[in-house]
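A, B, C, D, E and F are the chain letters, set down in written order, and residue numbers restart from 1 in every chain.
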Amino acid sequence: MLEYAIIIAFVMVCAALLLSLYRLLAGPDIPDRILALDTLYINSIALLILLGIHLDSMLYYEAALLIALMGFMGTLALSKYLLRGDIME
Amino acid sequence: MNLIEFNLPLIALIPFLGAPLAAWAANLNRSASAWTAALVTLVSLLFLLPAIQLPFQGEILIQSWSWLPSLGLQFAFRLDGLSLLFVLLILLIGLLVILYARYYLSPKDSMGRFFAYLLMFMGSMLGIVLSENLIQLVVFWELTSLTSFLLISYWQHQQDARDGARMALAITGAGGLAMLAGVILLGNIVGSYNLTEVLAAGDLIRQHELYLTVLVLILLGVFTKSAQFPFHFWLPHAMAAPTPVSAYLHSATMVKAGIFMLARLFPALSGTEAWGWLVGGAGMFTMVLGAYTALFKHDLKGLLAYSTISHLGLITLLFGFSTHLAAVAAIFHIINHATFKASLFMVAGIIDHECGSRDMRKVNGMLKYMPHTAVLAMIAASAMAGVPLLNGFLSKEMFFEQAVTATDGSPLTWAIPVLVTIGAIFSVAYSLRFIHDVFFNGEPVGLTKTPHEPPRFMKIPVDILVLLCLGVGIAPMILVAPILSVAVSASLQSAPPAFSLAIWHGFNLPLIMSFIAMAIGVLVYFNRYKLFRWHDENLPRIDARILFNMALHGLLVATAKVSRLFDRGSLQNAASWVLLTAVLAIVYGFIQFNSPLLGDRELISIDWLTLALAAFVVITSVLCAVLHHQRLISLIIVGVVGLIVSLGFVKFSAPDLALTQLSVEVVTIVLLLLALFFLPQHTPQERNAKRMTRDIALSVSAGVLVMLMAMAVMSRDYAPISDFFIQNSKPGGGGTNVVNVILVDFRGFDTLGEIVVLALAGLGIFAMLKNLRLPAPVRDIQGREWSQDPHPPIMQTLTRLLFPLMLLVAVFVFLRGHNLPGGGFIAGLIAAVALISQYLANGIDWTNARIKANMHIVIAFGLTAAVVTGLVAMLLSYPFLTSTFTYLKWPLVGKFEIASAMAFDLGVFLVVVGATVLILVELGKLSHASHQMRQQEHY
Amino acid sequence: MLDIILSILIMLGGFFTLVGSLGLFKLPDFYMRLHGPTKASTLGVGAVLIASAVYFSTSTDEVSLHEVLVTLFLFITAPVSAHLMAKAALHIRVRQDKRTLNKSDQ
Amino acid sequence: MLRKVFPHPLLSVSLWLIWLLLNNTVSFGHMVLGALLATFIPWFTSSFWQEKVQIHKPWLLVKFVAIVIYEILVANVVVAKLILTRQEKLQPGFLHVPLELKSPVAIGLLANTISLTPGTVTCDLAEDEKSLLIHALHIEDAEATVADIKNQFEKPLKEIFD
Amino acid sequence: MSSVWPVLPVLLPLIGGIVLLFCRLGGLPLQRSVSLLFTAGLIIITLKTLFVATTAGHQVYLLGNWPAPYGIVLVLDKLSALMVLLTAVLSIFALLYAIAQDTDKQGEDFHSLFQIQLFGLNGAFLTGDLFNLFVFFEVLLLASYGLLLHGGGRLRTRGGLQYVVINLIASSLFLFAVGTLYGVLGTLNIADLADKMATVSADDQGIVAAAALLLLVVFGIKAAIFPLYLWLPAAYANTSAAVAALFAIMTKLGLYAIIRVHGTLFSEQAGPLADLHIDLLLWLGMLTLMLAVFGVFAARGLKEQAAFLILASVATLLVGIGINNSAALSASLYYLVHSTLIGAAMFLLADLVSQGRGSYADRLRSAPAMSRAILLGSLFLISAIAIAGVPPLSGFFGKVLILDSAIGHPFQGWIFITVLLASLLMMIALARSGSILFYQISDEEENDGAALNAKAAAVMMALLMLSPVLVVTAGPVTMLTEQIAEQVSGSQAYIDAVLGQTAVTGK
Amino acid sequence: MEWIVAIVIGVMTASGVYLVLRARTFPVVLGLTLLSYAVNVFLFTMGRLQVGQAAIISPDAHAYTDPLPQALVLTAIVIAFGMTAFLIVLALKARSELGNDHVDGLSYVAEEQTVKSRQMAGDR
């Protein structure tokens, strides 16, 4: 039961990844692509946690934690780049 | 202390030691240099005295010291008859030249430089003739090329002096190198570079398969040095040297070095057909050509130069005959030529000195202006022409005799005496010209000054030399027979043949040849104008200097072209060469062996998650390349690639890698964005289709090869050393995270290097950014003004909120690293990102005011922590970086581990934080400065 | 029973994650797309995280609550990202769907 | 004195709790270590937090969090429906939410809350910090939406922080 | 307990670098004295190290007390001892020159970078681990980037950019190669790799050879072998003289790595894989030599010429290594010592000349007379003689040794022709540039160059004087290089020493 | 599966190499970044692929992933980061001192100008 659920969830998350990929490639504007990157970060967290359950291992947790904590830095920097060009002033 | 044990090297080395002395003496007064040089020469001569009688007693004096045993190079000197003869020539004529030069040089010429060079040259010559070891001989040989370069280019402001010197250097230097090759081969055939062994091994050498190679190589050295055809052309251009130099180098010494080698190696190399053809052929051709050309030279020194070429050819031809008597004649002529030619050069110098010209078309009728000089010149020139009662006559008769005996009746060999006679005819003609055209033949034309006799001391050397010509010509048995005898004996390495230096040998064929030469020679001279005209009209003028310069220029252009063929100063060019080479190396390495590409390890089955991630990476990386013109977009895509790669690491059970990759990824994006601000936002399209094709081909082949390499390895089994790490991680390293234990313990030294790299990056970037200014773009790529809100408050507030959380997580990751995924690196990067998020949200000024740490010092402390951890182990007499750990049990807290590796990891942490923050913040400050600039512009 | 709860949570997580990205994929303008990932995805991730917490709390004898932290961090960071992206989009005047009320181009 | 050691007691407590959560443990050793960190980190970061964050009604905060989570759950479903079904009938738009909050932390939390609850994203804070610009995915009644936000989120936050 | 001598030459400059980071606070005079102190200390230590290496066998140092092949080892043998000593000697001259010319004033952290550069070099010379070699390559490269760009300037930046990018590519290639070797052989320790080379199955030979040749490309980039040398001329010609002088050792490091890694791995114990790189080295060496000499000929400035001369010396060494016998290796090592020191001297001289000629700098065009032209001209003459391999200075003896060892080689004719032709062309080219720089004086303008910096000139002369010293001491020096060649030519002793070293007990 | 990973490495290498050969500094930096990803994955796969194996010592683990390549990759990642940082700043310095962002710096300024003028002539 759980196995199937996880597999279905995997499929959905992977689909999500690919949909985000489409946005990353298609744009049309740069914010769209940044958004795609951001979404990919979040999707990755889901993927990692699922993997953790799937493989019955807690070793994937840190990666998820790190993405949650630091992934937004990229988004922040990129957005600020659009706003100010200069991200650290 | 027995002088006889080490005087020979001193003879050669004293002039070198004296050279700086002579240069220095120039500071005292004008004559001091000359006297110093003369004194030095005399001292050298003095050192010869203790050994001077030995050759006459049939002894060979050898003094040798070990120098470079692995090469068979000894510091070895040899005094036998041949060397003695040459040493005397070099030193005695040297003395005369020094005396002459003292008065020849004008006040504006640097005396010090001249005599220093001259002494160095003298030393080099002495080295050649005294060397017992052939390598050492080559050393001195090349030194003569170098020092003669300095002497010829002495008047360095004159273009022809510089050109002449360079030509001489190039030709004789090249010959020297060929000779070096020959000598090395010779030494290896014989098994020794020492002359004693080499001269004794003549048969071995002549029978060796490399004999011809050796012979040709050595003859190349000889012919270039002695100006033999076709390498003769440098000598006339070397006449740009001051005349004393010509008198010394181009009569008695340097050009004779080649001849000396013929005499020296005679027993080792001569006696074969090849020797006869090569040596004799070159000598014959050179003799005739030189004599002929000399007649047509209007420049006195030019005449003498070609005459020298001709006489050198004569001597070479004599050696080419390979007979013992010919060797006697050759060596005898060496002496004679040295005396009359040196004196003639000096005369030419006197005339030049007094008339300001050496052009025989201008210089006429000098007899009445300088009768004394005229007499000397006439005697010396007669000797050159081979007039009886003068030394030249004697050796020339011997030469004719050898030419006649060399014929065996066949039509071809009859050419020898015929050609010899033709040479002699021109020799007579140009000698006559030297006398008649200069001292008679009417009045001088267009001279700038009125000539008169030179200073007395300038004539004394000529007097002496001319007396010698006369003396030898009249009483040869007394004056030269003894030295000639020992010299010949040394050259032949056997008892000298019976020879007679009688003035009268009866009425024989050689005498007839002499008469013919005299008669026709006079005839030729007096019909010279017709000949000159014919020569000018019918023979192309070949100026070797122009040809040489053209060749040199051609070489310059060609080398530049070939050089630029590869080195275009272009990075892409260099990079593609590197990549192409790498690709070829892999392919070449692989196909050398008959190995299958793939092994038989069982592959793991495909799972579709990996497939999806892989598809993702493939698409994004290709797109990154395709979309690279839009820089920001390609940057975003690179970020995605990094993210997916780290997911892949997670997938394949490498959490530490994933964590590190993720953190680095974030920092890299920030870093690249900081930089991108100052760069164009867009890369222009490239139009060069050829280059695109090349690049695509190169990148695809690189990709395919790397893929195959990865597959080749992954499909094979292997037995790694890693089991040791897994087994010893806990018991030996005190941690369960094997990767981390490898990093801080098993291979802590790598990690130390790696943090040094990071620290260096920080320092290097700090240094680069110092004083760097770049204009900050005022608008973005679409021409919009930047937002007026530098620090959006919501972002500010929330990142500040996150700051302590991130630090907490950093500590968490740090502490667990030894046992679970994490460690100093990742923790350091998290902490760095925490700090950078503050810079990002609040700006540099605001944040710097709150973070007082100097990142340089943080880095220094980090490195210190890591190194000191290692050093503590050394204090406890364990190797550097030996780690230790222990478990403590505290009340209530419980059992926990303390490991020295943690201190090391702390060092890592500090360096990572320090370097990362230093890099990013310094880069941030760049715009900071630009912003201030921009604001100043506003107000 | 537990399996069922877990399965539901996991599938819910997957579903909302997908919905978020679907929004990103098909909504017509940037501002609308922005909604998908910042919320649907966070909820999706939240659900998976809860599932993880439950799973590890029951499969081992220790309680696993640290998943909460991921959610917490995500709840702090995701909106900030969204805010900044929106701000950037406003600044560079990204196209807005023609239906948009109070178009914010000024 | 205590203020000096714990410049931000709330932060310290949170950090302590988070430490224990991170380590997934309640062992005494980690409690001690957590306490050390909860003391040291606020002290180290105190210069970044000059204005004091005062929480007047802690329980209200708890309640607020609960409401938000509930809102997130409910509204997510709504948005999911919107995305999946009737996207061509969506009526997106921008709204201005006037602010009464002063504390930056409170404004930040409000902005985050708005963004987290589906249907709305905080896009901008006015320069005078007096209003938020939000984008709504589907507006049926603009005024009602604004009022909802003010009532549900701003009011409790104001009570807690100001 | 193994001796500490292998680790000291590595640690001392590292500590020096760190101490100098703290010395930032104390100003330049303090940094100078500390830097000199550490460099002088390094000379003393490396002298002792050489003594130890020549009197005892291989000294193996187990870092972290982990035995090979698991931990990283430092291996001191005669070859590495020679290299670290050479580095130390070279570095003191470079440092003194930098101080005399105030090079260290022109940017930040010169002395730290300098010491860490030495750390990287010595580490690379001493390490017995392939991946650790990579790490040290990176250390010394990054330090060299810093030094190379020190002071800045347009051309310097341009040359530096190429240097950096090419080396970054090289680093990637290095990792591909090391990874593949590990993937097949399962180890990173050089001795262990060599040991395993004997048992590589026929099926794996291809992939091992591919990795080995890729590794050769990497070392070839450092050593500047054709066609991988293209980064060198611009980088060396445009950096500060002191740095260029120090860099004379960097190309030699590439050669050292080939001798150390390929020489050990593909020695006779490697069976069919033995010597797989040797013929390539020889032919590429000859090709490089010709192109280097063409470069010497075509150079437009003295510094560029010096850079190509460095390249020519590397190529000559390649030929020596490619001849592949003990005598040739010994000869090459003698030539290596000579060419490193004299190449460095040439850069220093080019700098002095360039300063003396003011705005004409080192361009090969006639310029107004410079100050102390005779002194500089004489120095040029001596340097040119030494570096072109003309008697009576050290370059000649190095070349003769190499040629002598080539006798009997199947390609001896080619070797002789190439080496001698190169000498000739160098001689002609140097005569040309000397004649232009020192003889061809244009009187139309005033010289705007600086007066000769006496201290700097003294440093240069002292360095140059090592050439005659090498001639006089050729006997003992070649005795040493013969010992080295003998030790290097069989890898079994190396393998046994490294794999046999036991850890300190108690652990 | 190995093939999949190998293809990924190959494609990243190819893209990286292509970008490294571009004429501007920024694509070169991106190319080197991609190349270093490829190298890292390559190095990692030298320990062979393992799914779901333990990376941490524990009593109930049967097999482990090869930790050594992972440690090497970690070192390589950090070094590559330092190098990338250095290079991008150098690119800025080059931009400042050479006045353009062409990897070949000075010599291409002239060339570009001629191309531009030719274009302008073509436009007219």
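Definition applied: a contact is a pair of C-beta atoms (placed from the backbone, for glycine too) under 8 Å apart; a residue touches a chain by one contact, two chains touch by 3 or more.
None of these values were measured; they are calculated from a predicted model.
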Margin query: For chain B and chain C, which third chains touch each of them?
Written below: A, D
Notebook entry, point to check: Which chain has its C-alpha centre farthest away from the C-alpha centre of chain E?
Noted result: D
Notebook entry, point to check: Hey, which chain ends up farthest from chain A, C-alpha centres compared?
Noted result: B
Check: Is the number of contacting C-beta pairs greater for E-F or for B-D?
Finding: E-F
Notebook entry, point to check: Among all chains, which one's averaged Cα position is nearest the averaged Cα position of every protein chain shown?
Noted result: E
Item checked: Whole-Å separation of chain centres (CA-atom averages), chain B against chain F -> 39
Margin query: Taking the mean of the CA coordinates per chain, how far is chain A from chain F in Å?
Written below: 22
Margin query: How many angstrom lie between the centres of chain B and chain E, each centre taken as the mean Cα position?
Written below: 17
Notebook entry, point to check: Which integer distance in Å separates the CA centroid of chain C from that of chain F?
Noted result: 32
Next item on the list: Give the residues of chain D that touch two or more other chains, as numbers and ranges in rising order.
Entry: 18, 22-23, 111-112, 122
Notebook entry, point to check: Multi-chain contacts in chain E: which residues touch at least two other chains?
Noted result: 131, 135, 138, 142, 145, 149, 152, 161-162, 165, 169, 176, 179-180, 182-183, 188
Next item on the list: Specify, in ascending order, the residues of chain A that touch 2 or more different other chains.
Entry: 10, 17, 30, 34, 36, 59, 65, 69, 71, 76, 78, 80, 82-83
Next item on the list: Sort out which chains touch which and give me every pair.
Entry: A-B, A-C, A-F, B-C, B-D, B-E, B-F, C-D, E-F
Notebook entry, point to check: Which residues of chain A touch chain C in the complex?
Noted result: 1-2, 4-6, 8-13, 15-17, 19-20, 22-23, 28-32, 34-36, 38-39, 42-43, 45-46, 49-50, 52-53, 56, 58, 61, 64-65, 68-69, 71-72, 75-76, 78-80, 82-83
Margin query: Considering only the defined contacts, which chain C positions touch chain D in the complex?
Written below: 15-16, 19, 22-23, 26-29, 31-32, 34-36, 38-40, 42-43, 46, 62-66, 68-69, 72, 75-76, 78-80, 82-83, 86-87, 89-90, 97, 99-104
Item checked: Residues of chain F touching chain A in the complex -> 52, 55-56
Check: Where on chain A is chain B touching in the complex?
Finding: 10, 14, 17-18, 21, 24-25, 27, 30, 33-34, 36-37, 40-41, 44, 47-48, 51, 59-60, 62-63, 65-67, 69-71, 73-74, 76-78, 80-89
Notebook entry, point to check: Which of the residues in chain A end up touching chain F in this complex?
Noted result: 55, 57, 59
